[in-house]
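Each chain gets a letter, A, B, C and D, in the order it is written, and its residues are counted from 1.
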Amino acid sequence: MAKLYFYYSAMNAGKSSTLLQSAYNYKERGMDTLMFVAALDDRYETGKITSRIGLQANAVIFDGHFDFFEYTANALKENPNIACIFVDDAHFLCKHHVEQLSRITVFLKRPVLAYGLRSDFRGELFPATQYLLAWAEELVEIKTICHCGRKATMNMRIDEQGRPVKSGEQIEVGGNERYISVCREHFLLGDSGGGFRFAEIEDKDREGNQKT
Amino acid sequence: MAKLYFYYSAMNAGKSSTLLQSAYNYKERGMDTLMFVAALDDRYETGKITSRIGLQANAVIFDGHFDFFEYTANALKENPNIACIFVDDAHFLCKHHVEQLSRITVFLKRPVLAYGLRSDFRGELFPATQYLLAWAEELVEIKTICHCGRKATMNMRIDEQGRPVKSGEQIEVGGNERYISVCREHFLLGDSGGGFRFAEIEDKDREGNQKT
Amino acid sequence: MAKLYFYYSAMNAGKSSTLLQSAYNYKERGMDTLMFVAALDDRYETGKITSRIGLQANAVIFDGHFDFFEYTANALKENPNIACIFVDDAHFLCKHHVEQLSRITVFLKRPVLAYGLRSDFRGELFPATQYLLAWAEELVEIKTICHCGRKATMNMRIDEQGRPVKSGEQIEVGGNERYISVCREHFLLGDSGGGFRFAEIEDKDREGNQKT
Amino acid sequence: MAKLYFYYSAMNAGKSSTLLQSAYNYKERGMDTLMFVAALDDRYETGKITSRIGLQANAVIFDGHFDFFEYTANALKENPNIACIFVDDAHFLCKHHVEQLSRITVFLKRPVLAYGLRSDFRGELFPATQYLLAWAEELVEIKTICHCGRKATMNMRIDEQGRPVKSGEQIEVGGNERYISVCREHFLLGDSGGGFRFAEIEDKDREGNQKT
């Protein structure tokens, strides 16, 4: 059996960067990888894993009907050099997806590294996150910070005035909502730190981090 | 804010020993602690945290109606020297208990260390475990081993013949069921390693570990 | 290759308890272990691993001339069921001992779990600790607390009046010195928190933790 | 006191990427940082932290005479919004540098995150690594892989024919030496996996990871 890893974090911690760096390490040592991303994630381009800091790579899109086990078994027949399976947006998986990933590690003997959010804006686990937290051999936190300087572990949804939103659908695609990662104290107190908005600095800073 | 810790493991890893050692460390440095244990846990004596290896200490019993926040707030009024809160059997907590523990860390500013199982014999999270895994600042694994030598992360329920049991109530108090901690592969395969029974060696070994 | 683990901590964190619990877990699953302890450690009885909280087990004594690889290779010939090697007092090992332990994991394919102090009372690593920190696949901290409530990571040597001692031999066997584990800030400031003395409470509390 | 963190790894694991992502997280939340890099590291441009995957940022250069404490104290007088100190190439620090970083966390109350190699090509710690491993509150491994698929923890120096080199200076600036990160077994056996060369793929792949 290979291991199932769950790299969890709050929003905007650098999950995709960490995934892309790990996949790069495999490639650098002459090993191939499979990378998967949610169809749902249309922040950037479809079929791309994209990090805020400016990295990007092609990935296979999954939706609810996708079968990770079948896809990986077939891919290994053509290319046994595939050494590791990477899944971005793992909080968008379904329970049966996590079962497929579990079987990949047992029967296809390849490690699976899944990267996703721990909890939603109400503090509830996502369905897939439940099973990743229950079954993964390694739970690894990717850290980020609250506006107060402490580690951020929770995700606050805020409206256009920067006020915390407490109810609504778990996933709102294409809405105007924004998320801020905060520590548990500021989550409980509903303190968004002034409704600081990421979107504004994101575009100009991303360029500053690319080599020219 | 103080931190919420969740020390998770499979069955029979040494959760209670680890708890008792940590509480002892506090006492040794002149600081007091509060210790809680489930009313449900009647393996040994009621109101005792007991480790298989032979340690024991008194603890306050909690059931579904118990209010951790109120109890701790009152205890701190009498004794501000209480420096840390310990909860054994944390998988037997309810969601509102975990909310109370969360508020203890924020408003009473004492760290809470909760020790419990990660998943049940069906591979499902316990209700309390969901919220501890979602909210704790630190997720710490207490390791134990499968009959194959790998890390055990899952709990298999076996019947009197040592065969795995797949259905039934999440908690069966007073039944004949036995649990074996196994790795995820042997959990999937239903391989209990020969139905090895802990209860038989437990009593004679426990004595061997005590100083005389 | 099996893995080399270094469980490190400050003084009085519960290293021996953790070791004894892990060895107990192996025994409970029907696997044998080897346990080693320094000849130098005469706090309790020679040839015993003893925890402050009240646990104890027999162990093979090592000194500078002891060969861990040869001993383990011979033991495995007689008993291939030995599944794990435990070393207490690992800060008392020599460099060649750590090389032997490293070769055990590679050529005899058994995991080695070494438990020891990270640094001495001057903040310097022990010779063996250097190589355990350099080579172990897994560095695991066993936590304890400073008199201020923060994690203790350093060891302060104090004299009979509770004042910090800054110079002297790395290991003083049979002296009157006492050690207090403190956080790095209180180590730098030389603040022993009132020269709190462990020895006094140790004996009476140890009994309180044993089952009768 | 703020904490001292040591992020350690073998060569080519992604230390600089991880550093740049963490610094980016601070900036995104409106907090400033200080970043330091060794004068010695002339792989890319002087005064730049550069990751193999294609990220880059300006940094203050340190050499043996540099005083981290004085520099940071002065910087904080001008800009109290500096929330975190990042040090790349931390294995090139001197002991007195690590003492300065330690005092920054205690007296200037800012966390210090140091990123560096654990051991050199002979398996020996670097002088600075000794003190970071001894004093840091948090030791965090950045993982990478050996040619066999296991975690790589050691650094092998190889000559132009891909053969392992066992002796020489700890740091060879501008030489032809190449390094390969391997697991401890392949380090002991001197197995470089065919003398795989990173430099060749590095340049073309780096571009492939940049967004255009």
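In this section, contacts are C-beta pairs under 8 Å (C-beta built on N, C-alpha and C of every residue); 3 or more make two chains touch, one makes a residue touch a chain.
Values in this document were obtained by computation on a predicted structure and should not be read as measured data.
With contact taken as defined at the outset, there is no chain that touches chain A as well as chain D.
Averaging C-alpha coordinates per chain and comparing to chain C, the farthest chain turns out to be A.
Per-chain Cα centroids separate chain B from chain D by 39 Å.
Distance from the chain B centre to the chain C centre is 25 Å, each centre being the mean of its Cα atoms.
For this pair, chain A with chain B, the centres built from the Cα atoms lie 30 Å apart. Contact topology of the protein chains: cyclic, one closed ring where each chain has exactly two touching partners. Partner chain C is touched in their complex by these residues of chain B: 12-14, 17-18, 20-22, 24-31, 50-57, 83, 143-147, 149, 193, 196, 198, 201-202, 205-206, 208-211. The touching residues of chain C, when paired with chain D in their complex, are 1, 4, 102-103, 105-106, 118-119, 123-125, 130-131, 133-135, 137, 139, 141, 150-151, 153-154, 183-185, 188.
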